[in-house]
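Naming follows writing order (A, B and C), and every chain is counted from residue 1.
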Amino acid sequence: MPSQRPSQRLSSRPSARLSQRLSLRPALATAAVLTSTALLATACTSSATSPSGSSGGSGGKQTITFMGFYGTFQDAFTKTVIKPFEKANPDITVTYVPIQNSSEVLAKLRASTARPVADVALMDSSVAPTANKEKLFAPLDASKVPNLDRLVDSAKSKDGHGPAVTFDSLSILYNSKNVKKAPTSWNDLWNAEYKDKLAMPIADTRGVALIIALEKLLHADYKSDINPAIDKLKTLSSAVQTWQPSPDVYTAIQSGDADVAVGWNARGQYYKDSSGGVVQPVLPKEGTVTQVNTINLVNNSAHTAAAQKFIDYAIGAEAQKAFDDEAFYAPVNKDVQLAAETKERTQASAEQRKNQIPVDWNWLTTRYTDWVDRIKREVIGG
Amino acid sequence: MTADPADGPARAPEDTRAARPATAPPAVKAPPRGRGPGRLALALLAPGLLALLLTYALPLVWVVRMSLNESEEGGAIRQTLSAATFGHVLGSGHYWNVIGQTVELGVLVTFFTLLVSYPVALFLARTTSRWRSLLIALAVTPLLISSVARTFGWMAILGTQGVINKTLTGAGLIDSPLHLANNFTGVVIASTEIYMPFAILAMISGFGRLDPALEHAAASLGAPRRTVFRRIVLPLTLPGVLTAALLVFVLSLSGYVTPRLIGGGRVFVLATEIYDEAITALDWPVAAVLSMLLLAVFGVVITLYLRAQRALEARFTGPREAGS
Amino acid sequence: MGDTARRAPAGTAGHLVLDGLAKTYPGKDGAAVRGIDLAVERGSMLAVLGPSGCGKSTTLRMIAGLVPPTAGTVRVDGRDITDSPVHRRDMGVVFQSYALFPHLDVARNIAFGLEMRKVPKTELKRRVDDALSLVRLGHLAGRRIAQLSGGQQQRVALARALVVEPAVLLLDEPLSNLDARLRSAMRDEICRIQRETGVTTVFVTHDQQEALSMADRVAVMNHGRIEQVGTPEDIYERPARPFVAEFVGRANLLDGTAGDPDGERTSVELPGLGTVSAAGARVARGRTAVVMLRPHRIALTAAAPGTGGARGTVLSAGYAGETVAYRVRVGDTGPVLDVERPTGAQRSFGPGAEVELSWDPEAPRLVAAVEDSEPAEAAEPVRESLS
């Protein structure tokens, strides 16, 4: 869903999105998504996939359950992280439970606190603090996760919970067939040439990130006052064709329904390749905002040791390089040397790193809803 | 007319008998409840009731419970029993706007759906063509295609690069494309088409009182065609129209797919707002409260429907008379 | 009833005149109505009588304007209304199903036609009240249609059709939806109302009792044609054709050979019964003729030796309260006749009884030569110079 809070980058192919929508028939809306989520959660509690139901001993063969995003993210992660991990640890098997988004992880874990349905889970850094606060995730044992020491500072968790595992950035996307002069700056979104050709799916994390980027551009501090960014965005309203491109912003750019948009870089890079260069992601010259996915140990997991071993591997240099070269994320481990091309196409280049706009996601969690509401009411609705 | 009052008000013998069925209370007693059939009925009902309990009643209870919780910043849920979330939602202009837009969309979509479906339904109900069954089947075939696919179809038609705009700009009739999609207009247009088969089916089944003899009778009494329609056909088809209106309105109120896909993010209705609150904002209590409000709107709509239906039926059965 | 039902030449007397009215439905073999010529006098009541499928309802609907005719004209008061739409015809129609408007109460049903004619309010109310009292339903003005009995609905339908004072009142099987007891009451009621209003009326029925008892004149239809038009007495006593004789009342139809004419009468040789002299159709000497004998016109007496009448044997006797229905074989190999005798004073006979049959000289009617009965000729030779 374009509007979902946690961006999934590679995780959602159009066809998979379609099937998700199919399940949301209008008739269901009375009880809405909530009821189905509840049911799903109830069903999961008692399902046979419950990891605590499988072999619990530390000596024998163990199976741990990992919740990660579905689609191409799952493909890349399985290929570059899980398979090598299982090869290195023949006594541990990793089951990949694909999920749509971080909210779903939260819902599932909330419904299974005593016997959790997963041992390790990915979660967007805007949702993770909530899960930590509700004690759905457990702090890591640093001695069991030695690679924590090798993380770049922005990947580390302040309170010992799950660290970052992927870095992504907000980019401008454009259709290279329709757009003569490629955008290079956030200011280019206001270019009159793009009027009515803009797709701005910003009623979610993308909008929050965009506000932060604009605040920097406008020499304001997002922690004290986002009015400058909101006011600036208001002036863009009349030029926007859609605030919610369907089925998503990447396909809208590829098909030419929209010419310019904001979107996540990793997914944009994937579409750049798959579209033969029609979709072009641009990291604006003023720098951009990092989106962070954290990897977390689920509280009450029955396989704490194996789970932390897996987390350690996932943030290790070997897995980071393999995954990032595959899927165009920036590494969280300072020992990683990415391929030159990957470096160029992610925020891992020296220049991009310099321009990176630091974000306090932990603080932002408390403002997130408020910001999204302001975007919806003042920018979109206004 | 030369009525002869001298004839007197002699009641024909059948009069007294005739007046009775209309005013007499139903004389049929409830059948005695045998144990056997009762138990069998219960056994037959059990699977359905159980399914309803599991898929409807329990989640509904869960939603009611959730609506009494409060959410903290960042989406954490504080388990409590308070009306604070209700207060927050009902005190917010934004949510009232959402409710307003939901109802406005429902009213517009219902109006246009009925407007375009009525002639089709009337034709199908009255035709004596041997293709009638086939035609009715054709009218509802769109139901075989997911409303998602049909919404995307409308985007291909209504979009700035769509058929309509390409044609109009190509013909030099307009300079810049019309904004037909990614807004309220697009949602109304697509929803209208999507709910048409429901409306047509509901109307056809509700047109049972239509009888060609009535139209002939009206014509023979001097009514031209338009008057026959206005005075006879329209009143007789109103019950079917009312049922179709309820169906379309309720479907439209709860509609998620079309507003989301073709609304361009500009159309805020309860269904999309519930989703956004639950999934994007992680505010489950607010989402639950909005679900309750949607239910309340349904309640109001259904109450109005029942009132209207009773009023309509009274036109056919007459007012209740106190024992004459 | 000595008046003569003329075949209506175009433009002559008759309030409602049909001229060559025909209807052919596409895709169906044969015509539903094959050319109807009919004149209905002002203020009279005409019954169109025939079996189902004979075209009588189609004829009525063509008069009403609900079905466009394939050929022919409909005239009222000499005005050709063949191409006028239904709502400009000024015809009151009572449908078989009554076709009352279920969403309007009794008074508003009746007022409908007046509203269409933009009758002022006060006059409208007065006329509706008059119509209601005409059909004796004044106390039910506020009722809904669903609250009325069949007979009441019938009367509302009548009032609704009559209140506009139509040129012609058309009734389609007006009594067929009523039970037997109500039917006779309504029969009188319709006659009374028709008399009181003096409206020219055409009604369609398949029930000969209805037609005979209500109508001034009856048109018998079969296979899309009129077989005979005449007063009820004409139709019953002097049927012009075997179909009419059989369809209206019960009849013994006997084939014989025509002999010499004798004034109005013709002698016919009937096998087994000897020679009878019958009035009616004219049949050339030596041709086959059909003689009708109504069962109730035949008397039975115990066979006595020496008398010269026809003798027969009772095959069966059915007691039916007021009458006994006998079947009697004439001679040993002769025809079997239906005979109906009143009970009571009459002596009754059991099966096997030897009886003698007799009838008064006026009883036998010569209905047609067999050759004349082919349908192609049927419309033309309806001669009613019988009386």
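Please note the rule applied: a contact is a pair of C-beta atoms (placed from the backbone, for glycine too) under 8 Å apart; a residue touches a chain by one contact, two chains touch by 3 or more.
A quick map from chain label to UniProt name: A = Polyamine ABC transporter substrate-binding protein; C = ABC transporter domain-containing protein.
Keep in mind that what you see is a predicted model, and the values were worked out from it rather than measured.
Asker: Which one of the chains is farthest from subunit C, going by Cα centres?
Answerer: A
Asker: Closest chain to the protein CA centroid?
Answerer: B
Asker: How many angstrom between the C-alpha centroids of subunit C and subunit B?
Answerer: Inter-chain centre distance comes to 54 Å.
Asker: Express in whole angstrom the distance between the two chain centres, defined as the mean CA positions of subunit A and subunit C.
Answerer: 91
Asker: Can you compute the centre-to-centre distance for subunit A and subunit B, using the mean CA position of each chain? Integer Å is fine.
Answerer: About 40 Å, centre to centre.
Asker: Counting only residues that touch at least 2 other chains, which ones in subunit C make the list?
Answerer: none
Asker: Where on subunit B is subunit C touching in the complex?
Answerer: Interface residues on the subunit B side: 1-5, 7, 9-15, 17-19, 21-22, 209, 211, 213-214, 216-224, 227, 231-232, 235-236, 315-318.
Asker: Along subunit C, where are the residues that touch subunit B in the complex?
Answerer: 64-66, 85-93, 95, 97, 99-103, 105, 112-113, 116-117, 127, 130-131, 133-134, 136, 138-140, 142-152, 155, 160-165, 182, 185, 189, 196-198
Asker: Quick check: in the complex, which residue numbers of subunit A touch subunit B?
Answerer: For this pair, the touching residues of subunit A are 1, 3-5, 18, 21-22, 24-39, 101, 103, 106, 110, 127, 129-130, 133-134, 196-197, 201, 203-204, 241-244, 246-247, 256-257, 365-369, 372-373, 376-377, 380-381.
Asker: Mind listing the subunit B positions that touch subunit A in their complex?
Answerer: Per the stated touch rule, the residues are 54-56, 59-60, 62-63, 66, 73-77, 94, 97, 146-148, 151-152, 155, 159-161, 176-177, 182, 251, 254-258, 260-266, 268, 270-271, 274-276, 278-284, 287-288, 290-291, 294-295, 298.
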